[in-house]
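Paired with chain B in one complex and with chain C in the other, chain A is shared by the two complexes that follow.
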Partner chain A sequence: MDNALVIFFGADRVLFVFFGTEVYMTHLIGAVLYIVLAPFAGGLIAGLDRKVTAQMQGRHGPPILQPFYDVAKLLGKEKITVSNGQDFYVMCSLVFMVISGAFFFAGSNLLMTIFTLTAGSIFLVLAGYASNSPYAQLGAEREMLQIMSYEPMILLSAVGFYMATGSFNVGDIVTSGRFVFPYLAGMFAGYVFVLIIKMRKSPFDLSMSHHAHQELVKGLTTEFSGRTLALSEIIHWYENVFLLGFVFIFFANGEPRFIVLGVLVALVCYFVIVFIDNSFARMKWQFTLKSAWMVTLVFGGGNLFVLYYLRAVFQV
Partner chain B sequence: MSIKKSPWIIHYDCSSCNGCDIEMLACLTPMYDLERFGIVNTGNPKHADVFIVTGTVNTQNIPVVKQIYNQMPNPKVVIAVGICAATGGIFRGCYNVVGGLDHVIPVDMYVPGCAARPEAIIDGIMKSIDILAEKQAALDEGVVPEEICGGYIYEGEHDEHGTLITDEDADAAEEEQDVGATPDQEEQE
Partner chain C sequence: MGIISLLILIPIVIAVLLLVAKCDKLRDPIVIAGGIVIAGLSIYFAVTHFGIDVFKPWSGESVDFFGFAAEAQPLAESVGNVMMVVKVALAILVVVMGFKYRKPLVIVLTVIQTPLLVWFETTKGRTISVESHINVDNFSLIMGLIIGVVGSMVCIYAVGYMKDFARHQSEGKDKRPFFFFLMFIFLAAMFGIVISNNMLWMYFFWEITTICSFFLIGYTKTDEAIRNSFKALTINLLGGLSFACAIIVMGNYFGPGTLELSAVIENGVMFQSQMAAQGSANATEPIVSLIAILLAFAGITKAAQMPFQGWILGAMVAPTPVSALLHSSTMVKAGVFLIVKLAPLLGFNTAFSVVPGFFIGPGFLVTFVGGITFLFASLAALSQSNAKRVLAYSTVANLGLIIACAGIGTPEAVWAAIMLIIFHAVTKALLFLCVGTVEHNIGSRDIEDMDGLFGRMPRLATIMIIGIAAMFLAPFGMLISKWAALQAVIDSGNIWVMLSLVFGSSATLFYWTKWLGKTTAVVAGKESIEEKVHYSEWGILGGLTAFAILITMTFPFYSRGIVVPYLIGAFQGTSERVFTSLSMDNMVIMIVMVVLIIILALLFYGKTSGRVVPIYMAGVNEGDNLTFVGARQKDIPITLRNWYLKEMFPEESTNRIGNIMVYVVFAIVFSYAAFMGITLYGYVIGGGF
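Let's turn to the complex of A and B:
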């Protein structure tokens, strides 16, 4: 498989040097594949999400391709915008999201990926603040709270990967030849927990919700309409693919069977999150923050401690 | 056309007995499941394509109806559900009831019934989707939105019949007063 790639694309050739890092053809292929295919994969996942949700509630549910119809419709709607800054911020958010995912799938530095992702989320918060609508502003405030809740855990898992494989580079992690999951089981549990917050699923769908509890109307996206709303949908698609990709690297180590395992576990995680989404009412923001930091401390911190101990005592 | 596959609705219950409101919500339950047609109850006019109004429009909620209508991006359709929304129904003639949604905003579809059955409501929405698609096609051809969707609805005062008091009406009324006042003044002089 690797050899075929090398012969086909000249995958081992260094294309150019970017901030002291050699960029290989394989990196570029990963990034381009993400940019082109992630919207389709993300849209399909969103469609499956809605279908499965409907089935769980005893409904028939919309067609799987529904998210694509929605976005196509939104792109054709009249442009109504209360502040031009809003559209600009949403566009910025999309750009940063795409860059962040592209870094990740190019096998680049995990920390840089996470920081770019945060920039993308912050631009979305700014878009919420851009209008004077109280719903959008409250949504933006809650979105910031959510960022505060999930960010430490995601950063800690990056550190965990470094401790387990000796590198922050996604490329090195997925070809390390070492099955890191047993070393990072706590990190994994913590990451899946904050994934619920990051994906804005119940019980942590504070800032905006696709459910019918509408005390914030549509929260962060209340003032978006037409094209802007479509873009924010597309941001979610890119984001979800990236987040599931993060689950994947807990398992991938270069061997085909672990690659299959990684994809399967990512899908199972998503299913579990949809299940939780359907079986919980919304929690208060205090609970979100406290529980997320608790989980980060216990699972993330505990795991880091164990890794450190193993390293010091057994030199693993 | 994708708008036919994803009409998002916003639902506003004006007043009355709320029977139609309950039937409308029944459409979203597992029994009838509107979402299988891609229909989402958004609760946000800026995301919606279909405006569903139940109950009698009265002088108290006219500004709300108009504001929701104005905030919806084109193309959009309006459905009056139940006889209350269509004509005022059993509340027609009450001191504050204006007698039908079409006195206030342009209506594209009427769903009869007291209360309108969920099957009838779903039928109404599905038929209105064709109108929505026609409007979208016209907009794509470059027709100005005001011609097909109705433009911005003026948020002014209404008289007791629900008719908008325009600036011209107000001027005319003032003139009448002036005319009436002149002879008195002359007499006094």
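Let's turn to the complex of A and C:
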């Protein structure tokens, strides 16, 4: 990705220096492109998701642009809220989500990106708590459980990238010139598994569900309305683009064919997740936590050991 | 020598004054002025000595006390004799207490270690010449600042708090003079620990903190308090025994015998670099290894690592300022201080080993005990609803992380460890004091009872939110240090600790967030009850909050100016390269995000232009957000409870599994140490060395 941009804009150059930090052209372009385009891409993905889901369920489904119409309508609604704090936390969540994705597409440190993403998720949980509404708070508690379930695997994936490429910087990873997927196959499997939890898809749609078979009203988002609900949708769009970007870097290494492969695999993953979403009933929270941690330990941990031995014995 | 002796002497003087000052009018100004003087002194001392490579005021022929020169050797001897007398007196006191409350283990531990050390001191100890009794480097200065500033703040907070406390506990005589006496003696002893190089001196101060914490935990004299104080005493005496053994090994078997920590560390580092030159990385001299294991074990008991976490959990029966002091700036920090000090000897081979991480020795002991403790203490915290217990488990977990970093023993890891010590001290003191104030005003320390705290105590809740966020959330300091710790662990190749870090951090997220959520929840119908809070409490809480934000915003500066120079001195061949892992730009980004959060909060928090409407409920909301109309038109009140995952992570199981794993580590390390001890003894008998 960085490479493509370099080809496009000529040699990478330092734009300006911020407190001793050199900000590169490609970094800035990556971040700006994400901030501007991610909502559109995310909204389109959401629209496709709804269409495909409908087809799987034997319905016709809404137009692909429906999520945009929904959000536009929500933005125009009267401003009402149940508590003073709630809207602030949703806004903070959006800010941190956008920052996190911008870091990622600017090619920054993967761990920093993940920590910022986590902060964004925590703000959303706080928004659920702030309302002190029974459904929202239950949703918030379950969202915390989901965070606790997926977090170890996402962190381990970052560690995997570091061990395979020697850098935490997304920019270095995608231009490493090395096809890391074979070394990180276990990580990849684990990551895709927790992606279902992170995207709150069935069978792990505990905290809020977009399906009719839900028991928590709208879970975490029960008390969001109007502009705040629209913001939470937009957070989701930004988040999905970022999460699929994470799939992409398992494949991208600077060569055009692998860039194409990365995009394709990301889309296929999303399709598979939608398929799983439509073929499973919701599981209990115990299963969510146990299965996620087990997968993390077996696939993530196992992969780490393999990387360790490869590095130690074969100096790979 | 001048000021450094004041750091110990002034707290002692203040302590004695407080013992005789029987009324509030006298006590309050003494504590406040005393706290300010101690904080000021520690700051002055730190500022004037930062950057001096290693400051050894008590070495050479004479020492200078404010212009009065004294012969160094006789003076040191008389100081040593005074310490010995006090030590024996305290030992007798402990034995008497042991008989009074029938605690045979306490008696046994005391009766073994004190005579052993007295014998050593009066025989072999006399013949060993000590070059520098005191050794101050940047790390000691940082510890001094933490003790002086945070410790004094806790003491000043206690002024108002103990008034309330005495009111609540009206029966019996007012024991506050004794309480404040102990608090200041504690500070003096902590200063002593961080500047001592002569291990007999350090041991003396080490035991003083043990005795002080024993009396402070047992302050209320309830059955529970007495039981827990003896638990703390037993565990810390066990650590003391290990410390005493380390001194005796140092004195008898380390070359011609030494009492100086710096000599052991320098020698060990030199040996390592010689071995490295010969091609075998990270080998430690057996005798150094043995001493490090014994000292590290003492540190592990004091830092309340598994399986010794019981004493710090029990310590919460004491008044809250005691917990704040024990958890933040003193006691447990003495344990991590010693271990971090030993870090250059620990270390862990990054080269290939069949099972990653298994190089038996002091590094193995410390890394694994720390890593296991971090994971299982974090899991144990999930099921706790008592705020002080959550804080206690979080302390145990964070200390685990710190000593795991020290065990990794690379400069990067030690950087993370020192940063964690700094951030943890300030934030944990803040949180404990918050809980103390909440407890006095709502009558409970249970998180469930903090429902609607935001309505009842808005200012305090805001402070608490900042404190909790600073403990675990990006972009605050603790998270930055954890990030550095994770990076260092990854680079060391220790997959086990990496896994424990990754899972433990996720549990950490859960238990902090649910508390944070409870604090942020806006519950209808709550009146503010904040007016009753004592001014000294507000002053300290506000000060600590500002301090917590300040240290996050300025850490690149003191990292570069203070911590890195220490690391360069302590680790051979370290240079500025330490910071390639956590580069400057990432640090700047974090700081910019802190600023961003503050700006967002100031601009937008609570300023919704929208109409406020009732929440959704299962029936018609009565309009107060607290009751709804249920079946048969009945009014049903709602209360919301947090989630403690008790079936999944019962406290007993997490503790048991953690303890068993640590026992296995102990078994491996101590059988190795025993084997080494026997071999060494054989050398000595056979005329080795």
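Following the convention adopted for this analysis, the second predicted complex is superposed on the first by the 299 of 316 C-alpha atoms of A that agree within 3 Å, B and C clash if a C-alpha of one lies under 4 Å from a C-alpha of the other, contacts with A are read in each partner's own complex, and residues count from 1 in each chain.
One rule holds in what follows: contacts are C-beta pairs under 8 Å (C-beta built on N, C-alpha and C of every residue); 3 or more make two chains touch, one makes a residue touch a chain.
Because the structure is a prediction, the values reported are computed rather than measured.
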Chain A superposed: clash or fit between chain B and chain C?
fit
After lining up the shared chain so the two structures overlap, which partner does A:259 touch, if you call chain B first and chain C second: first, second, both or neither?
neither
Is A:54 touching anything from chain B or chain C once the two structures are fitted on A? First, second, both or neither.
first
By the touch definition at the top of the document, which applies to A:126: first (chain B), second (chain C), both, or neither?
second
Let me test your reading of the model: by the given contact rule, A:222 touches which partner, first (chain B), second (chain C), both or neither?
both
Determine, under the contact definition given at the top, whether A:72 touches first (chain B), second (chain C), both, or neither.
first
One more residue to check, A:112. First (chain B), second (chain C), both or neither?
second
Angle chain B-chain A-chain C between C-alpha centres, in steps of 10 degrees?
110
Which chain, chain B or chain C, ends up touching more residues of chain A in the combined arrangement?
C
Between chain B (first) and chain C (second), which, if any, makes contact with A:63: first, second, both or neither?
first
Once you lay one complex on the other using chain A, what is the shortest C-alpha distance from chain B to chain C, in Å?
5
Does any part of chain A touch chain B in one structure and chain C in the other, and if so which residues?
78-80, 217, 222-223, 226
Enumerate the contact residues on chain A facing chain C in the complex.
18-22, 78-89, 91-92, 95-96, 99, 103, 108-109, 111-112, 115-116, 118-119, 122, 125-126, 128-137, 140-141, 144-145, 147-149, 151-152, 155-156, 159, 162-163, 168, 217, 222-223, 226, 286, 289, 293, 296-297, 301, 304-305, 308, 311-313
Partner chain A, residues of chain C touching it in the complex
351-353, 356, 452, 454, 473-475, 479, 483, 486-487, 490, 493, 495, 498-499, 502-503, 505-507, 509-510, 513-514, 516-518, 520-524, 584-586, 588-590, 593, 596-597, 600-601, 604-618, 625, 638, 640, 642-643, 645, 648
Spell out the part of chain A that touches chain B in their complex, as residue ranges.
50, 54, 57-63, 66, 68-70, 72-73, 76-80, 212, 214, 217-218, 221-226, 229
Complex contacts: residues of chain B adjacent to chain A:
2-3, 5-6, 28, 30, 33, 35-38, 41-44, 46-47, 49, 71, 73-75, 136, 139-140, 145
